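Heads up, the next two complexes both have subunit A, just with different partners, subunit B and then subunit C.
After this line comes the complex of A and B, so read on.
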C-alpha cells in the first residue's frame, strides 16, 4: 500500500465522470427498494428476490466493473501510468494499492447501499440486510480484483467484464447449474445465505467452496495483476 | 553511469522494430537521431525498462534494466506522450513524484525541480490548463526531482516554442556537462547537433552511424545529391555541367535537367557560374532527394 498512489487514484476515480455512475447506481437501488416497500409492504420473499436479482445480480457487478477497471484502465489508456511505474516502487505494491482503492469504493458504494436497501425493505428481519451487505462486500472485493486485472490485461476490459457479468453470471448461470460454481454472484449469495436465516434464501454451493473460490479469485487476481505490471510495456506509436 | 546495449533486437510478430543494435550511452549528452518510425522510441523504451528486448541485453552499469524497478533510483524518464494527471496542479504532480521516490525532503526537491524548468508561476494551476510546452516542462521537472544520474527524454522538444526549446536545450547541456548520462531522441538533425556531443543514428531499426555532430553532418552532406534544374536552355547547361567533375550524370528530361552531383559543395558553387558563363538563365533548382528519409537511407545503405 502506497499512500501517494492511493491519493492519486482516488482523485482520478472521483474526478472523472465515472463518479456519477458510482453514485447513480446505488441511488437507483435504494429508490427501487423504497418503491418496492411501498408497493409490497415488506414481504420477505420479494425482498430476498430483489436483493438477489438486482442488488447482487446487477448493481454489484456493474459497480465492480466501474471501480475495478476505473482504478487503472484509463491511466494505461492515456499513458499516465508511466508516472507511477517509473519509480522505485515494486509493481505488486502498485497493484495492491489500486486494488485497495477499488475495494474501498465498493464497500462505500455497493456494500453500504445494499444494507440500506435491504433495511428499507424489511428492516433487520432474518438478518437479510446483514447477509446481503456482507455478500456485497466480499463479492465486491472479488469483482474489484478481477476487473482490475482485466483492465491491465486488455483494452476491452469493460466489454469483456459486462459480457462475463451479464451473460455468464446472469443468463448462463440461470440455465446451466454447473456454471453457477464459477460465478462471483453465486459465491456472494452463498455468503449472504450463511448470515441470513431467511428460508427464502438458499444456495447450492457450500460455504467452504464459496469462501475458497472468493479467496482464490481475489488474491490470485491481485497477484497476477502485480506480475503483469512488472512486465508492463510501452509499445509506442511506431 | 553507462547504458549498454548488446546486440539488442526487438520485434513485434514479423515486424522488426530494432535490429541488432550495440551501443554504449555514457556520461554527457547523446542524441538518438532517426526518421519517424526508425525504432527510436522502441530503443528508448528498452533503455527505460518499459519494453523487453526480444534478443540481446540492455543494462545500466551491468545491471539488467527489464523488470527491475530499482533502476528508477538512477533513471529519470520523460515519455513522449503528453498525458499527465490533468487534475493535479504542476506542484502536486512534481511533489507526488518526489514522494514516490521517497525522498527525505520531498517539498524542497519538488520546489527545486520546478525552479529548474522555470515553472514556478504556473505551479498552482492544474496541468490540464497547460500548453503542450508547459506539460513537457512539468514532466521534465517530475523526472528530475530525484536528481537522477541518467535522464531519458523521448522527443522532448516537440511542441515547445523557441524560447522553451532553448531553455530545455541549455538545461540538458548543463546536466550533460555535470557528468550525467543523458539521451534524447529526435528526428531533427539541427536539434540534435545543437545539444548532443555524441549522436547515434538509427534508421529502419538499425544502428546506421555513430559519432560527433561534425562526423554525422559530413556523412550526411557528403553523398551524391540529385537536383532538378529548369533553365532557358537545358541542353547547353547540361553540356557545360557534365564537363566538370562535380557531376556524375546529367539527364535531359521533359521537365528539365536531372543532375547527379557527387561533390555537393563544388556543384552548388559551380552551377551559377556555369549558367552565367554560358548565358543560360536558371529558372528553378530543387533538390530531388533532400528529405531526411533519403539522407538516412543513404546512410543505412552505405553502412550495410
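After this line comes the complex of A and C, so read on.
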C-alpha cells in the first residue's frame, strides 16, 4: 500500500467525467427500487429478482468495469504509467494499491447502494439486504481485481470485460449450466443466498466452491497483475 | 550598412498540379476511412479481432436458420425479430467501435487540422456519423440478406417472406441511424476510449434493464399501457414498435404488448427527437473541441 499512488488513483477515478458514471449507476438502482416499492409494494419475490438481475447482473459488473479498468488503463493509454514505474516502488505494491482503490470505490458505489435498494424494497426481511450487500461486496472485489488485470493485459480491456459480463455471464450462463460455474455473478449470488434465509433465492453452487473461486480469482488476478507490471513494456497504440 | 540580400532559392520541390477535388471528396474520403477503421481494415491485426468476431456472431443465427430450413424443412428465424434478438451483440459493437471513430481525434486535438481544410464542422461530424450508420446497417442488413437468399434458394413450401425481409431492412436502416447517433454522441463526450466504451454500454444496459423491470412491474399490476410504454425506454423495442410493427404491421418481438396502434406517430416522433438531440449534442461538442 502506497499512499501517494492511492491518492493519484483516487483523483483519476473521481476527477472529471468518470465520477458521473460512477454516481449515475447507483442513483438509477435506488430510483428503480423506490419505483418498484411504490408500484408493487415490495414483495420478497420481486425484491430477490430485482437484486439478482439488476443489482448483481447489470450494475455490479458495470461499476466493476469502470472502477477496475479506471485505476490503471488511462495511465497506460496516456503513457504516464512510465513515470510511476520508473520510481523505486515495488510493482506488486503498485498493483495491490490500485486494487485496494478500485475495491474501496466498489464498496462505496456498489455494495452500499445495493444494501440501500434492498432495504427500501423490503427492509431487513429474511436478511436479503445483508445478503446482497455482502454478495455485491465480494463480487465487487473479484470484478475489481479481474478487470484491473485485463486493463494491464490489453488495451481493449473494457470491450473484453463487457463481452464477458454480457455474453458469458448473461447469455451463455442462461443456456449452458456449466458456464455458471465460471461466473463471478453466480458466486456473488451464492454468497447472498448463504446470508439470506429467503426461499426465493436459490443457488446451484456450493458455498465452498464459490468462496474458493472468489478467493482464487481475486488473489490470483492481483498477484498476476503485479507480476505483469514487473515486466511491463509500453507499446504504442496502433 | 549593406542592403539585405535574402533570396528564396528554388530547391526543386514539385508543385501539385492536379485537380483540387474539394469539399465533397474530402468528406467522402473521411467517411470511407472511418468506415474501414470501424471494421479494423487498414489497422493492426489486433484491431480486427473485435469487429470480425462480432460480425461472425451476427451471422450465426442466419447460418443456423438456413441449416434448419435446409435440413428440417421448417421455417427459420423471422426477419423482423433479428435486431431485437441480437440487441446485446449490436450494442457491444456500437460501444466498442463508436469511441474509436471520435476519441482519437478529440484526444490528440487534431480537429483544427481537419477544419483548416475545405471540410466544415458539419461535414466532419456528418462523415463520422454516416460511417457509423453505414457500419451498423451493414452489420444487420448483411445477415438478413444472407438469410433471405438462403430462403429463396432452399425454396420451402409457400411464398417467400419478401414482405418480412423488406420490413426488416427498413427496420435495420432506422436501427442503424438511431443507434449510431446515440452511440457516437455519448462516446464523443470523453476523449478516452475506455470510458467511451463503458458509457455507451452503460447506456444500453441501463435502458434495457430499466425498461424490462418497469414494464414487468407495470404488467404485474395490470397497467398494460404503462408496461408497453416502459418497453419504449429500450431503443431496440422503440424502433421495433415504431417502424417494423407500427408502419409495416410486422409481428412484435417483445415480451409484453406494445402500446396500441394510435401511438405510432408519437413513437416515430420520439425516434426523430432522439436523433435530433444526438446530432445537436455532437455539433455542440465539436464546436467546443474545434475552438480549443
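Everything that follows uses one rule, which is that the second predicted complex is superposed on the first by the 234 of 238 C-alpha atoms of A that agree within 3 Å, B and C clash if a C-alpha of one lies under 4 Å from a C-alpha of the other, contacts with A are read in each partner's own complex, and residues count from 1 in each chain.
Assume contacts are C-beta pairs under 8 Å (C-beta built on N, C-alpha and C of every residue); 3 or more make two chains touch, one makes a residue touch a chain.
Here the structure is a predicted model, which is why all the values come from computation and not from measurement.
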item: Partner chain in contact with A:4 - subunit B first, subunit C second, else both or neither; value: first
item: First, second, both or neither for A:12, with subunit B first and subunit C second; value: first
item: Touched partner set for A:32, first subunit B, second subunit C, both or neither; value: second
item: First, second, both or neither for A:21, with subunit B first and subunit C second; value: second
item: Which superposed partner A:90 touches (first subunit B, second subunit C, both, neither); value: first
item: Partner chain(s) touched by A:163 [first = subunit B, second = subunit C, both, neither]; value: second
item: Subunit A residues contacted in one complex by subunit B, in the other by subunit C; value: 238
item: Subunit A-touching residues of subunit B, taken from the complex the two chains share; value: 12, 17, 36-42, 45, 48-52, 67, 69-73, 75-77, 79-81, 83-85, 87-88, 93, 96-97, 99-102, 142-143
item: Residues of subunit A defined as touching subunit B within the complex; value: 2, 4-5, 7-8, 11-12, 15, 78-80, 82-91, 230-238
item: For the subunit A and subunit C complex, residues of the former touching the latter; value: 17-18, 21, 24-25, 28, 32, 35-36, 39-40, 46, 50, 53-54, 57-58, 62, 65-66, 69-70, 73-74, 77, 151, 156-159, 162-163, 166-167, 170-171, 238
item: Residue numbers on subunit C that touch subunit A, as the complex places them; value: 43-44, 46-47, 49-50, 88-89, 91-92, 95-96, 189-190, 192-195, 197-199, 201-202, 205-206, 209-210, 212-214, 217-218, 220-221
